[in-house]
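The next part holds the structures, each set out as structure tokens.
In the two complexes that follow, chain A is the common piece, with chain B as its partner first and chain C second.
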Partner chain A sequence: MNTQADFAAALLDPAHPCPAGLVAWNGSDPASRFAVYRNNVVVSLVDALADTFPVTLATVGDAFFRAMAREFVFAHPPRSPLLSFHGRGFADFVAAFAPAACVPWLADLARLEMLRVEAYHAADAEPLPAAAIAALLADPGRLPGLRLRCHPSAAILRSSWAVHSLWEAHQDDRDPSAVDPCRPEAVLIVRSGFEVATVGLPHAGAAFIAALKRGEHLAAAAQAGQSVDGGFDLALAFATLLHRQMIVAIDSGPGGQDNELHT
Partner chain B sequence: MTTMNARPSSVQATALPARAGLGLKPAHFGEILATLPDLGFFEVHAENYMVPGGPFHHALTRIREHYPLSLHGVGLSIGGTGPLDDAHLERLAALLRRYEPQSFSEHLAWASHGGVFLYDLLPLPYTGETLRRVCEHVDAVQEHLGRRMLLENPATYVEFAASSWAEGDFIAEVVRRTGCGLLLDVNNLHVSCVNHGRDALACLDALPLDAVGEIHLAGFAMQQDAAGAPLLIDSHGAPVAQAVWALYDAALERVGAQPTLIERDNDIPPFAVLLAEAKLAERRLSALRTALPPELAA
Partner chain C sequence: MSATTLHKVSAAALALALGSALSMSSALAADPPADKEKCFGVAMKGKNDCAAGPGTSCAGTSKMDHQGNAWSLVPKGTCEKTMSQTSPTGFGQMMAFKEKKS
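Right, the complex of A and B next:
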């Protein structure tokens, strides 16, 4: 029997017996000593999830969250040595976790919180200076073919639930139960400087930025915005891009990579 | 709290200074950069900085401009039965190139199995087979990274019936075969000796003390085993205990002044509290640095 295989299996399965071959100097039952390892492993992984998903935790309470996180840890033990990203599969797990079904927006709240962690650690990129952007935008003939490259931290979440309002209520210590959760909301998550911003967006604006992130040129991205009901305000969408310093490069060539403009 | 200007010579030095250092915590980035406290070095867990960008790298880059750095790995699984993770080794190599730390250390433990990462430092039996494998892994790490590493003695809660080596002899043999150094974790030594009914000074003397390149001090939590005997948990969540300071004094008598880290990873107090604890180590180290060598003092 491979000692480590047995040890590892017992760590992540509470029903698994204490591994064979363990001893204690005083002849005491090694199972209670082994339990220290099992507890350390599970508690540190659950604590890490609690750090990543504070609003998800606050929504369902500490006991429910920890029980759910334990199930996640057993079902999806980390496959990477980078603990910061163990939460990547958590939202999908929450979505399928039957006891949480009565809080149908919980999975999207978790998605929002994971995107914030991803944005915090995302690659660095210098925003283009406003003057450089203004110069390019000054030539209306070229505008439709431009590709605006967004900051690597930028992400869009479009939810059937009011996840941005719910998340914000938790930040401001307002009563989240005053929020109507059944309103679809779109959220932009982006790091400006060293702070991660979580910004509510009109759905059309979110579709526009999502298209930019896919590498669409401006004309196609604007079309994506206009295809969303409720009206698309290109000037407002641009104001968001500039205010959040999201544009890090503009590609003006047909292939998207030629004639790049950088700082 | 005293402040001082950057000391470029120690920042560029090839070894950590024989002074007290602290683990770098994100909650303290701002205060450290604003006050530049008088400390010998900072230590970071390598895995926390294996992220593409953002505030962690920004802060560490600036702090590195003012302090020597120790890079401490927790995820390489040197004691694992499987092969080393080449991708992880390459991530470590990239961090070493980026930050040029004065020291790189890892643990005599395993942390992953079959592709699953357990985020704990798990114990291994001390046998001829595990000795050979640990030495292979240390050799591979030192070769890949192009530098000597320090190996940390573990805190453990169980022993293995299969073990045929005493821990100190096992570590001494790894050091002898691979040329790696020893990160002497005095708290781990105390914890393991209490947990396994061993004599701490005898265990200290069994370690390859001439290979010590750094010392760790930390706090532990107290539990009991099934027989009611004390079972100490290496929690890094409390101040350094009196018994550990006493064992540190005994270690310093044997190895002289060494770079000494106060480790605190849980229940992290304000930075000033950690700085005051580092001063307790610094006081001992500066007394040693200024004292006459024992043969002259007699």
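Right, the complex of A and C next:
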């Protein structure tokens, strides 16, 4: 046990001496063999982060990103063998990382990219057919109290920065420096089949969908949208839900009924 | 949740919006494509449990000594190319600057 703990501690701390009792197969210095192994561990974790955060990487450049990711790996080694989710704490780390402070939107860019990975791996759910949704119009009086359950992959990011425009500029090789980063933007991330869509939304529409995701009924969600923007376009917000095939269930229980509706 | 909230956005307004969204979307797209099938074992690149490629060979060893001085680097290509409304130059800078009021 002690040997294992010692080995693990030495893996993520270059200042830590080579664990005692190691022997190299060819009689070479175990310390240098261990250093190679330690390096490979860290490099592979940094590589995985680079794959998760390609736009974050492109924004700050390879050298900066890898150095930052390396610090993250030391501070937050993976707790699970699923490397897909190792980046969960990365955006918060970036936000607190002093050398990145001159790119204040970097953390939200990382947040957006992590949400895309989360959406990719989120549970499947069949969208309701449009006919089932259209049937709701037969009894409009029930609409305000209905809860629309969103696809498990759906997530909203509301940023003080133009993270959607910046991210999009990196997708089709447009010049990101043409984007004014200081414009607040809201983004919807949702998967349909195997495709993760990243959609810019009006802030009110984002508030509406965020409220649906919290399990609010339609009237309260629409109200949440209106409180962000008096000109909230509810029809457009519904159209987004339909177009992205986001509605997977309709819960009609009274307010007191407990419906588990997160993520 | 309360009855007052319910009244602010009326059932009629919701029905109207949903109705027009439905007609928009039926004009936009036909039924979802049915030509997809489930496929397991297709992991995203780099997300398998043991990374393949350069990271696993000794080729990576040369990066070993790099970490200490990394923080003297400025994010490459970012700072001075990205618009900044608070910066006196209009773009990011390599050094800290006093924010101007915009």
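Odds and ends about this structure:
Methods note: the second predicted complex is superposed on the first by the 248 of 263 C-alpha atoms of A that agree within 3 Å, B and C clash if a C-alpha of one lies under 4 Å from a C-alpha of the other, contacts with A are read in each partner's own complex, and residues count from 1 in each chain.
The rule is simple: a residue touches a chain if its C-beta (ideal position, glycine included) is under 8 Å from a C-beta of that chain, and two chains touch if they have at least 3 such contacts.
Since the model is a prediction, treat every value here as computed from it, not as a measurement.
Of the two partner chains placed by the overlay, neither chain B nor chain C lies in contact with A:Ser160.
When both complexes are overlaid on chain A, the residue A:Arg79 reaches chain B alone and has no touch with chain C.
Shared-chain residue A:Gln171: touches no atom of chain B or chain C. Residue contacts after overlaying the shared chain place A:Tyr120 against chain B and chain C alike. More residues of chain A lie in contact with C than with the other chain of the pair chain B and chain C. Of the two partner chains placed by the overlay, only chain C lies in contact with A:Arg70; chain B stays clear of it. Of the two partner chains placed around the shared chain by superposition, chain B is the only one that A:Trp25 touches, whereas chain C remains out of contact. Once the two complexes are laid over each other on the shared chain, residue contacts for A:Asp62 go to chain C alone; chain B is not touched. Contacts of chain A with chain B, set against its contacts with chain C after fitting on chain A, overlap at residues 36, 40, 44, 48, 81-84, 120, 194. Looking at the complex, you find that chain A touches chain B at residues 2-5, 7-8, 11-12, 21-34, 36-37, 40-41, 44-45, 48, 77-84, 120-124, 152-153, 191, 194.
Interface residues of chain C, counted against chain A in their complex, comprise 1, 5-6, 8-22, 24-26, 28-29, 31-33, 36, 43-51, 53-58, 60-61, 63-64, 66-67, 70-71, 73-79, 81-86, 92-93, 96.
The touching residues of chain B, counted against chain A in their complex, run 47-48, 50-58, 75, 80-81, 85, 88, 110-120, 122, 124-125, 157-162, 195-198, 223, 225-227, 229, 231, 233. Put simply, chain A touches chain C in their complex at residues 14, 35-36, 39-40, 43-44, 46-48, 50-52, 59-64, 66-68, 70-71, 81-84, 99-100, 102-103, 117, 120, 127, 129-130, 133-134, 136-137, 140-145, 176-177, 179-182, 192-194, 216-220, 222-223, 226, 234-239, 241-243, 245, 255.
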